[in-house]
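A, B, C, D and E label the chains in the order they appear, each numbered from 1.
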């Protein structure tokens, strides 16, 4: 029975099927919001789904000079990494199925893989555009990864645990950590924007500079897998930030006495609302700014984001040291 | 009209028989015939005395035996066109890029389109016509009628 | 069933790659204008992609010049199947005003097969959208009916079609 | 004053505004009265003078001899037409007019010929 | 680290004039750009010799789709001068209104494209949405959005009635308000400023030496505006200012264009309010007497020059066209030197031939003539890149 449940978890909810559906929905929300910010109508709701199906059915081309095995393997690698990462994030009640002490580190690690995969993909497709893109992606990786990791360290220090579920439980019994570290929340959202390679940090695939950047030579189902991996990365990133700063499934309502179904409903609704809120923020950032140049991006990250996250970290350690929590 | 007249008088005085046929067709338009070998001197004179450094373009016109080149210089709306002639069977002209650096592309253009050889051009290369365009065909000459020129082939990348 | 799904997705998501083969820009800016809020091609799921590898529809504008036709041909070859070509503007249809010039080969169809011709100099963005619809009408009978109706009635007011985009038939004042 | 996100209020305001999009083909764009669209030719008015073919800049309008006619009459190839309206302007009898119709994309180029 | 060569272009979709620039780069810094144009060469000058003046008006309009009216105006103006024809004032005013409407449409388009080049898509969408106001006005009067076919030898082909006048004035008011908002955005948004300030520097002396024209020259502090220097159409009667800026970078060119927009609104309002009564065109002979003429105009991109030589028939003997973009290319090459690869689009766009994106960059290692770099080369590339940056 438990094996059956486990398989269900993995394949249907919150695993494979739900995640893909939700990721495509999130992409729709993002594109629609972006379009509405620009005073347009935007795509219909099933648009991402249609894109994926179409890409899956397209002719498959691999450039002559490219390494066929690598080109085929890399998208799968990225896709698997982000899907795995999602399994550690609690979304509806106070135990994530695969939760263990230290899963925060695993999630952070898995979230870095898509960027590395993109880099390899760009490198191995032997197109000069994608090679320039790959260079930029890897340069950018070092810039945003540092503040992102530093700032996500804060909640772990406060809650005295490396487990995401513990941090969430700490928040539901005390208060949401965004109240204590608003600075950290802002830095985390900006760094996530960089991780997802969106404006103003879409330097690796800057469309007007190096056409499609990393994925120039990617066609058909490999491109579909990459797009999906990036969509899922967005869901995982949003869910992670909402779990660490916005109290995860906590919705101000005491769920102790309620039935498991109601508990599930409330927690899940809170999850949806919070991730959508973060996607809204991400879409706003995307609509607000111009693209930075790679050197400006690196300077920005090390001059502003990293110091801010260190200040935040020092504050947190101070609070902890004083024994207020 | 004063500037135009002044330039006219001045050029006639300085270069005497080397300039002729100075025509002020309307306000701010001056056409001057110059001997080919004196062109650079006239340009230098105009640059040093009147500060004319802007060249609008070089027009090449096919007139029977000769090819006529017009150097259109512009200063505050006054356009001075220096006209020189070069024989059509062996057209050539000295480069003026050492005096007017802005003329680089215009010289290449007349070289492409009219077959006027520009001597000492800093970067002589084909500018406008396709890479596979046959040598010796200059599309703007009157004796070349528009007929089909064989197309190129797709090269492997 | 699967065929139907694939066909549906192709109708809903035709990504285009814009290819200028030596036109005068008039059609190019109208193609770009059709992306902007007033016309907004994204509501049909159309995205403009910089690379032909990602595209389904090549939107070609301008007369084919001698200098560019080899590259245009290569771009056509790089586009993965199934691919369609839309010739936008009179120059792309036949060479237009430049037909007979020494450096112009003629329309787009001298180099690659063309699916839909959109005449106009330049065509309105609406006409380009109509050209895309016409192209899609060969895949989807529902759109074929709409296109037929548009063609029959021409410029009229009372055309009502539902379900073309997922916005329904929302009317604006 | 320089501050990041100068457009924030503007973009959030547009979120609740109605989009500027004209939902063609569900609603029709405003076509002005003197739009230069598809050419229409009225055979009964034409006197076969050939002025239109003389002035056509692109050669879209040519005089073609038909079996049933004595004199050649103009034929328009909309695939080459520039829709400049020069033919309608020079026509002494108003036998040519430019309509408001702009939807005539086609799969087949030969269907663009107006006789 | 060997120099690498990057050919950009020519067939990029969004390139308005297909062009190929081969760049020698070190790391991300450009050492030497080499130019190759002519992909868009259609042989218009030759074709003009085989067509009558009436037909050439429409051919001239198709030299460039964005400044179509200014091209036909220049040709028509030359032909009228050759005929020594006095044009009715109303015709000239309508021509001027169209010239300015076209400048507005071109500059708004440019602003949007420049924003798009630096990835500021929201500004791009907003400006292009507002550009539709101009497009509607142009379509309302002329019947087409891009190629207006308003000019004919002897005047203009269509009149402006009272209702259209009202709409013109209303449209100008709306645009003025929006333009002021964009000025505010463009001067306060730091990410945008970072990409345009200090980029693509062209000193005043260099601009003068290389014969830059139009907003490129005016953005470097050179005061040259054919509308003032050599008034044509109705510009001698309409008050306006020639805009210059001393910033010498992309920002300077942006400032010039935006201020010119504001001037253009004023010009149109003045011209509409003071539109003379009378007819709009005069009948002109088809045969033009033998002579030669130079016709200058100020296109949205700079000075435009037509040299027309007539031979007494209804076809010209020779027409020479010099477009502003060609004049600006040497300056653009100068601007690109020492810049970053990432800045190419915006520097190029600042001149306004607008490479919206680039296609087919091929990295060729000059020494080994290989098409790509190996891992070691990549590492060195990275190290070198940072050294250069510092």
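To be clear about the criterion, a contact is a pair of C-beta atoms (placed from the backbone, for glycine too) under 8 Å apart; a residue touches a chain by one contact, two chains touch by 3 or more.
Worth saying up front: this structure is predicted, and the values here are computed from it rather than measured.
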Seminar exercise, completed: Larger contact count among C-D and A-E belongs to C-D
Exercise. What chain sits nearest the middle when you go by CA atom centres?
Worked result: E
Exercise. Taking each chain's centre as its mean C-alpha position, how far apart are subunit C and subunit E in Å?
Worked result: 27
For this session: Mind checking the centre-to-centre distance between subunit A and subunit C? Centres are C-alpha means, answer in whole Å.
Result: 35
For this session: Would you mind pulling out the distance in Å between where the CA atoms of subunit A average out and where those of subunit D do?
Result: 50
Exercise. Hey, what residues on subunit C touch two or more of the other chains?
Worked result: 36-38, 40, 43, 50-51, 65, 67, 96-97, 100-103, 121, 124, 165, 167
Exercise. What parts of subunit B, by residue number, touch at least two of the other chains?
Worked result: 129-130, 139, 146
For this session: Give the residues of subunit A that touch two or more other chains, as numbers and ranges in rising order.
Result: 35, 37-42, 129, 207, 211, 287-289
Exercise. In the complex formed with subunit C, which residues of subunit A make contact?
Worked result: 31, 35, 38-47, 49-54, 57-61, 129, 207, 211-212, 215-220, 223
Exercise. Considering the complex alone, what residue numbers of subunit E touch subunit A?
Worked result: 6, 28, 115-123, 125-126, 129, 189, 191-192, 194-195, 340-345, 356-359, 361-363, 371-373, 378, 381-382, 389
Seminar exercise, completed: In the complex, subunit D touches subunit A at residues 4-5, 7-8, 11-12, 14-15, 17, 19-21, 23
Seminar exercise, completed: Touching subunit C in the complex, subunit E uses residues 10-18, 38-44, 46-47, 58-59, 62-66, 68, 109, 112, 124-126, 128-129, 131-132, 135, 144-147, 356-357, 359
Problem set entry | In the complex, subunit E residues that touch subunit D | 51-52, 54-59, 61-62, 122-123, 126, 129, 132, 136, 139-140, 143-144, 147, 149, 157-158, 181, 184-185, 187-191, 193
